[in-house]
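After this come two complexes, each holding subunit A, first together with subunit B and then together with subunit C.
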Partner chain A sequence: MFRYEFIKNALYAILIITPLFGIIGTVIVNNKMAFFSDALGHSALTGIAIGALLGVTNPTISMVCFGIIFALLLNKIKDIKVTSRDTIISVFSSTALALGLVILSKNGNFSKFSNYLIGDILSIVPSEIIALLVIAIFVIVFWFLFFNKMFAISLNSSLAKSKNISVKLVENLFVVLVALIVMMSIRWVGILIINSLLILPAAASRNIARNIKEYHFYSILIALFSGIVGLIVSYMQGIATGPTIVLIASLIFFVTYFIRKKIGD
Partner chain B sequence: MIEKCGYCCTKIRNINVSFGKKEVLKNVNIHIHCGKLTAIIGKNGAGKSTLLKAILGEVKHTGTILFKDRENSGKKIKIGYVPQKLDIENSPATVYDVVVSFTSKYPSFLPKSKKYYEEIKEHLKEFGAESLIDSKINTLSGGQLQRVMLAIATMPYPDLLILDEPVSGIDRNGKEMFYEKIHYLKENYDLAVLMVSHDFEYVKRYADKVILLDKTIVAKGKADDVMHSKEFVETFGKVEG
Partner chain C sequence: MKRVWIICVMAVLTLLLGGCTINQPAEADDHLNIVTSFYPIYIATSNIIDGAENVSLQCLASPDVGCLHDYQLTVKDMITLETADIFVINGGGAESFLDKAVSAYPDLIVINASDEILEEFIHREEEEGLLEEHSHEDEENSHIWVSVSLYIEEVKNISKKLIEYNPENADLYASNTEAYISRLESLGNEMHQGLTSISKRNIVTFHEAFDYFAEEYDLNIVAVVEREPGTSPSASELAEIIDLVRANDVSAIFTEPQYSKSAAITIANETGVPVYELDPVVTGAFEKDAYEKAMRNNLDVLLEALGE
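And then the complex of A and B:
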């Protein structure tokens, strides 16, 4: 199967995207941001819609711009203590999703955009793989500089602050990073399943990891394994790649969950 | 070990905090001297935690917080903070992971750094917690976790150590050990300690100065005097002893 150019490209893309998702998922799960990343994924539709309204030819640009603004906005409102955080994020998420659908469905044109929903990794081209590679390098540098700080904030933000960590700045940088990765990869992964790919590997890893190093290692390994096996299985069975990857990651999650039950916490 | 100076102090001057129209703290002035333990008591909602957050710079406030050392060098104050709890439910992290994340730039997801590992172990030893270094953080007892947090707050040793209801939910033995340690630190490292507490028995035994807070300071002085003051009785009723 790897004699085809498009399969090779898809494989390269998976080798880059899935470990990245495995890495940033560790903090999304640590910091209880699953709702946030879900909302961010949904907001991609609004990004595309705004791009279409403004006549931007490359929807990735409008998605990234809107995604970053949306992420910073969500991060700002989470400190307002009027309603619970989950509720507020859901309100924003639904609004963004509905707004995107309304604009894109004008004149009955939605089918043109429907492949954003489940994504299509087989359509990726080499220049886009290089863009992903640049992001990957960026994420790794960011991780070396900021992981400790993000982890400290997740444990207790006041204690982090007393250690001179700029809590708000670090949080904002991270949500911008997540917005960037989500928007850059949503065409290949799909709006409906991108959050599963962010959450599942880290959540599965958390079941079996005994320290932070293992937490990262298993998360990357599970993401990578699901990605490669998902690609092969989906190609052989003629089914969509993204959902297949997610199914395999879910299966691994349940296995690790039972392993944890068995060995005890 | 540091020579006792007796000159340095933290001056908290005229702190006011409002949330919207609601006034939470009004005109709070406190001098905290090093080598002394100042306890803040007050009923729920009296603004105790807000005051600590204002000192940490987390809550918008007016007024100034000045640290004066012996040379009057004007250097930035180092604050050590011991929170009530850490968010560690289901956490895969070990004690080493947690301490290294708060106290160093060495990424905790890399293989352990021998240097930091030894450094942390040495420091944990001071708090009788060196054997916990490889334990998962969420398997520790309340008392053990409290000692680990104290170790984090004192790496490096701060000028001002802030404790937010440090022993809630800890058994008597753990409490004794904790307060002994705070007393030891205060005496030997000349730390200024500011503590919010509901534990009147321990406040009485260990605090050099007690402040009764209710939006503003309503009584202050030696533990015995404050606890027999009219304001104290109005807030808490009569307390045995």
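And then the complex of A and C:
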């Protein structure tokens, strides 16, 4: 199957995207942000819709801009004490989703955009892989600069404050980073399943990891493994690639879940 | 108390805004309101009724929708149909929402432009042994307007039925139709002459829109990119298409302006076969000569792609 150029391109993209998702996912799971990243994924639809309204052919730019604004907004309002945090996120998530659907289905032809729902990694071209690579380097640099601070915040944010860490700034930087990764890869992964790919590897890894190093390592490994196996299985079975990757990852989650239970007994 | 007021004001505003769009002025009884389902049928009908008085023409799907695969009726569409006297459709399954619309408005006169054309076409194919028997039974291909000669038949069908239902304008419709058909016939001749000389005939098209077109001009469609328009091919389908393209010496891959080109570009990158764009005349401006313009443009593209 690897005699085809498009399979090779998809493989390169998976080799870049999945480790990124694995590493970012660890922070999302630790900080209980799964619902936040889900809302962010859904907001991509509004980003696409704004792009369609402006008449641009490639909506990536409008998606990234909208995603960053949306992420910062969510991060700001989550501390408001009026209603609970998950309610607020849900309100924003539904609004963004509905707004996107309303605009895109205005003329009764939503089917044109259905590719964005389940992703289309087989159509990625080399220049887009390079764009992903740039994002990846960005993330790695951010990771080395801010990891200790983020870890301190996820353990105890008031303790982190007392150590002179600017909690708000680090959090904002992190959500912008997540927005960037989500929006840059949503065309390949799909709105419906992008959050699963962020959460599942880290959640599975958390089941079996004994320390923070193992947690990161297993998460990246599980993400990579699901990506590669998912691509091969989807090719052999003639099914959509993105959902297959997610299925493999959830299978691993259940396996690790029972391993943990066994160890626990 | 303040909140109650705000809610009341909002409720009244909603009613007023809603009322504006629904309450269209009552039309005089002798006025005929014709609605067409989508773009090519609109272009055909507008040529037939050109200059008729007391006749208005509307198009249900806006002209940027394209083929009506998976089209969903909006509230506005239902209102348009409510005020319509005659609904002109392509038929043959192109309007998948049709059953819903027809059952909602049982008095609406429906003109099926493909009436008898599809049946005859399939019958002829079967007699010539070109088709597997009954292979089209469950899902027929409705894109007959893309073939110029079958489009002419559709124009004749629509005109015949319009004359039947609106005899006051019979003379006008007949002379308009005659003029339009002679224009279309010269277009058809032009295309036949242009395309007899080409040497390469193996092509890949985007979806099954060009089957009748290819039949008319003796082109050989080796594969289609998307079997289900709007759904990208899976990895194994892509691999299959790529192998077919390589094995059959395909000269061009044709995308359609209404759909994403990404899968076609993937195939092109793999095989080195160039990508061109053919228009199945489902989107564009509401101009009387839109069909001829689009087809002449297609002819130029084909000559560039398949000529020497």
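Side notes on the structure shown:
Just so it is clear, the second predicted complex is superposed on the first by the 264 of 265 C-alpha atoms of A that agree within 3 Å, B and C clash if a C-alpha of one lies under 4 Å from a C-alpha of the other, contacts with A are read in each partner's own complex, and residues count from 1 in each chain.
Everything that follows uses one rule, which is that a residue touches a chain if its C-beta (ideal position, glycine included) is under 8 Å from a C-beta of that chain, and two chains touch if they have at least 3 such contacts.
Everything quoted here is computed from the prediction, not taken from an experiment.
Once the two complexes are overlaid through subunit A, subunit B and subunit C fit side by side, free of any clash as defined at the top of the document.
Of the two partner chains placed by superposition, only subunit B is touched by A:154; subunit C is not.
When the two complexes are overlaid on their common chain A, residue A:142 makes contact with neither subunit B nor subunit C.
Using the contact criterion defined above for the overlaid structures, shared-chain residue A:12 touches neither subunit B nor subunit C, since it reaches no partner. Taking the C-alpha centre of subunit A as the apex, the lines running to the C-alpha centres of subunit B and subunit C meet at 150 degrees, rounded to a multiple of 10.
Residue contacts after overlaying the shared chain place A:125 against subunit C, while subunit B stays out of touching range. In the superposition on chain A, A:236 makes contact with subunit C only, not with subunit B. By the touch criterion stated above, A:225 is placed in contact with neither subunit B nor subunit C.
Between subunit B and subunit C the least C-alpha distance in the superposed model amounts to 22 Å. In the superposition on chain A, no residue of subunit A contacts both subunit B and subunit C.
Every residue of subunit A that touches subunit C in the complex is listed here, in rising order: 1, 4-7, 10, 105, 107-112, 114-115, 120, 122-123, 125, 231, 234-241. Those residues of subunit A that touch subunit B in the shared complex are 26, 30, 143-144, 147-149, 151-152, 154-163, 205-206, 209-216, 265.
On subunit C, the positions that touch subunit A within their shared complex are 61-62, 64-66, 69-74, 77, 229-239, 242, 258-260, 262-263, 265-266, 269-270.
In the complex of the two chains, the subunit B residues touching subunit A come out as 53, 56-58, 79-83, 85-88, 90-94, 96-98, 100-112, 136, 138-139, 149, 152-153, 162.
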